[in-house]
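Common to both upcoming complexes is subunit A, partnered first by subunit B, then by subunit C.
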Partner chain A sequence: MEAKKLKIMVIDDENIVGKRLKPALEKSGDIVETFENGESALARFDEEPFDIVVTDIRMEKIDGIEILERVLAKSAHTKVIMITGYATVEIAREALSKGAFDFIAKPFKPADLRAIIKRASKELRA
Partner chain B sequence: MPIIIISSDSYETGREISKKIAKATEYNYVDREILAPIAEKFNLQKGQVIKALEETPSLFGLSAKLRNRLLACIEEATVGKLLGDNVVCHGLAAHLYVLGVSHLIKVRVLSDSKKLASQLSSEAGGSADKIETLLKRKVKKRKQWSLDAFGLDETDPSNYDMVINLSQIDQDEATKNIAGMTVYRKFQPITYSINCLKNKDLACRARVVLMEQFPDVKVRADGSTIVVEVKIKKRTKQKIAGVIKKLAGGVNGVEYVEVHAASDFR
Partner chain C sequence: MNILEKLKIVKHKNPDIIDFCIETIRFRKLLENAQALLDLFEDGYEKILGEYILDRHYVTSLIDNVVERLDLMIYDACVLAPESGKELYTQYDKHKLKAEELLGGGGYSEEKSFDNNKDSSDLNSVDPEYKLLSEVLKWFKGDPSDPGETVMDFMLQIYVYVLKSLETKNILKSEALFKSGISKDPGSNIYLIDLWKDAVVSPKIRTLDDINSIPLKYFLMDVYNGRALQDSKNEKKAATWIAAASEYSLSFNTLKSDFQFRLEATASDYKKSNFIFVFADHSVKIENILSSGFHIEKTDYGQLAWSLGAASETIEDNLILIGRNLFHRDLRQM
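Moving on, here comes the complex of A and B:
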């Protein structure tokens, strides 16, 4: 039986990130929507929840940590993956203790993110 | 699972509690036993390798060059063990050179110096007060050593996730508290922290190879790329860069080598 397609949301204020990740993640047959700010992403999440949210941390107005908190408050089963070019031990630990599924520093290869998503989807389907 | 690094003002106390933590968590215990192959490599006694972890270079002790090479080998061996996961590590100064890894729990255990002094006094003779003074002097020496070797003060509590004073809390209770930290979500391994440790491992392995010819070399790694900083004169830069690229390129896992002329060496 074919596995249910995952709905993945990618949020990053650098549009190149969404542009590059969308086709890379769609290769697995999943549905990917990209957003360049937290407001529009959260508005979309209010309409319907996503299985996986990939979000940058440093963004104007709404940062990745706030997105993490608001997404998990609305949908506890959603797996939130944090990406950042400013990774530190403190930020990584904060994100994890607030419920992030994983955390990866930029730059990364799309294959690295796909591996994390594969683990997340296994947990979602378990 | 997280990795636990124990640092203590007393090697014996640190070892004792580390073994208890390893037993409670069912983790592997890593200590100075891993130094034997390094001693063999340098044709030294294990005690001389341990000196690199305890003494600053001196006229009658280890030379700075040998001390630095030994420390680089100790780093390499230790980080290799930490990659194995489920580890309690003690006695190898890992808290001073494995930095920026979020699934590494660093704990400072302060021994009960009065109790330790009276214990040592009954074992070896001499007044407990005198031994306590000697122990305090030893801590000062350790601080000096850590600053000299790694530029970090190991007695500074801000370098740790937890500091436990055994004069206020007994060893079994301390063991329970430290082992309990391993279930905290914030200390679980993540892609970022695993990659940091892998990068550190690759950099350490490349540094050990390069140090034989370039004692002052600095190496950092990102994935399969390593960046080497070395003191080079302008006219020999190209030649030396070629040698470094050849040597480092032979290290398992290295695909690309960048060489920079160093501007600032501590």
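Moving on, here comes the complex of A and C:
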């Protein structure tokens, strides 16, 4: 039986991240939407929940931690993966303690993120 | 004659020897900073070739780190070759300007927006971040049409300034040293100085087990186990050597000779810190001493070669090979 397509949301204020990740993640057959700020991403999430949210931690106005909290408040089963930049290990720890599924440090290879998403999807289907 | 019989421990640390130790430690510091710089180059090349997801912050950090490392290298160089300070800082300022230019413009003024609702068919166009990274890598190593302007060129220039200065100052070749510290007739011996401590286990070296310095032990291993050295009648072959060693490091230089050769090595279990650096003048065919894994650069002043971050087994094999080639063959015929 064909596995259900995952709905993945990617949020990063550096547009290159979404631009490069979207085709890389779509190769697995999943549905990917990308956003460059927290406001538009959360507005979209209010319309329709996503299975997986991949978000940068450091962003202006709404940062990754706030996105994590608001996503999990709305949809507890959603797996949130944090993208960390540099010198943000402490924040990454905070994110994990607040319920993030995992984190990945930039620069990274799409295959590394796909491996995390695969683990997350197994938990979603368990 | 057994190679270990040629190994003479220098016990008395007169001021010249202390100066030599300080100079050696500082030179190794320069190499460490150069190694960090080369690691940054390698990381940049890996990122541009390896389909990485990166952002502008990665590229700007790379530029900042390169400028910072260059600054540290210049500082080391100025300690070793103070007379070159003005020239080196002038060159450094040019590189700082280039870095600022890259950070300021860097092709990032292009269109930033990316519509996530559309198909990503425009991925083939070069993203500004990758364009900037490509410019940065050109600044690092450049292309043959742009000689003398790259960070790599500057790094080689720093080495040459420093090595020339060390050769001119000639701390250990002073007569005073030979009278008080080493010997009136140093012959083709290897004079061993404990750089920190723990270079040797015993004050009398009879077997390799009496040497505690890992790189020195491997450097002499094949010579010790192989055929005995023949005392050369050829003055050119009969170089006097000075080895400054500690448990994990070795600095091996010609002391009295009509040719220049310098080897610096760190051999430990920690792969990242391992390296071998070799400098040789043009009379030596450096490719014939080293294994194929070395990066070789030729300058007007001499030849530079290095191998960085190798596993301990590789470093040990390389040291064995270099030691064997250095002592068993006539360098001029290599």
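Everything below uses one rule, namely that the second predicted complex is superposed on the first by the 123 of 126 C-alpha atoms of A that agree within 3 Å, B and C clash if a C-alpha of one lies under 4 Å from a C-alpha of the other, contacts with A are read in each partner's own complex, and residues count from 1 in each chain.
As a convention for this text, a residue touches a chain if its C-beta (ideal position, glycine included) is under 8 Å from a C-beta of that chain, and two chains touch if they have at least 3 such contacts.
Quick caveat, the model's predicted, so the values are computed rather than measured.
Enquirer: After superposing on the shared chain, does subunit C or subunit B touch more subunit A residues?
Expert: C
Enquirer: Which of the two partners, first being subunit B and second being subunit C, lies in contact with A:E14: first, second, both, or neither?
Expert: second
Enquirer: State whether A:G29 touches subunit B only (first), subunit C only (second), both chains, or neither.
Expert: Neither subunit B nor subunit C is touched by A:G29.
Enquirer: Quick one: is A:P110 in contact with subunit B, with subunit C, with both, or with neither? Answer first, second, both or neither.
Expert: second
Enquirer: Of the residues on subunit A, which ones does subunit B touch that subunit C also touches?
Expert: No residue of subunit A touches both subunit B and subunit C.
Enquirer: Spell out the residues on subunit C that touch subunit A in their complex, using ranges where they run on.
Expert: Touch residues, subunit C against subunit A: 47, 50-58, 61, 112-114, 116-117, 120, 123, 127-130.
Enquirer: Note which residues of subunit B are touching subunit A in the complex, please.
Expert: So the residues of subunit B in touch with subunit A come to 100-102, 184-188, 190-193, 195.
Enquirer: Along subunit A, where are the residues that touch subunit C in the complex?
Expert: 12, 14-24, 33-36, 85-86, 106-110, 113
Enquirer: Where on subunit A is subunit B touching in the complex?
Expert: Touching subunit B: residues 87-89, 92-94, 96-97, 99, 102-105, 112, 116 of subunit A.
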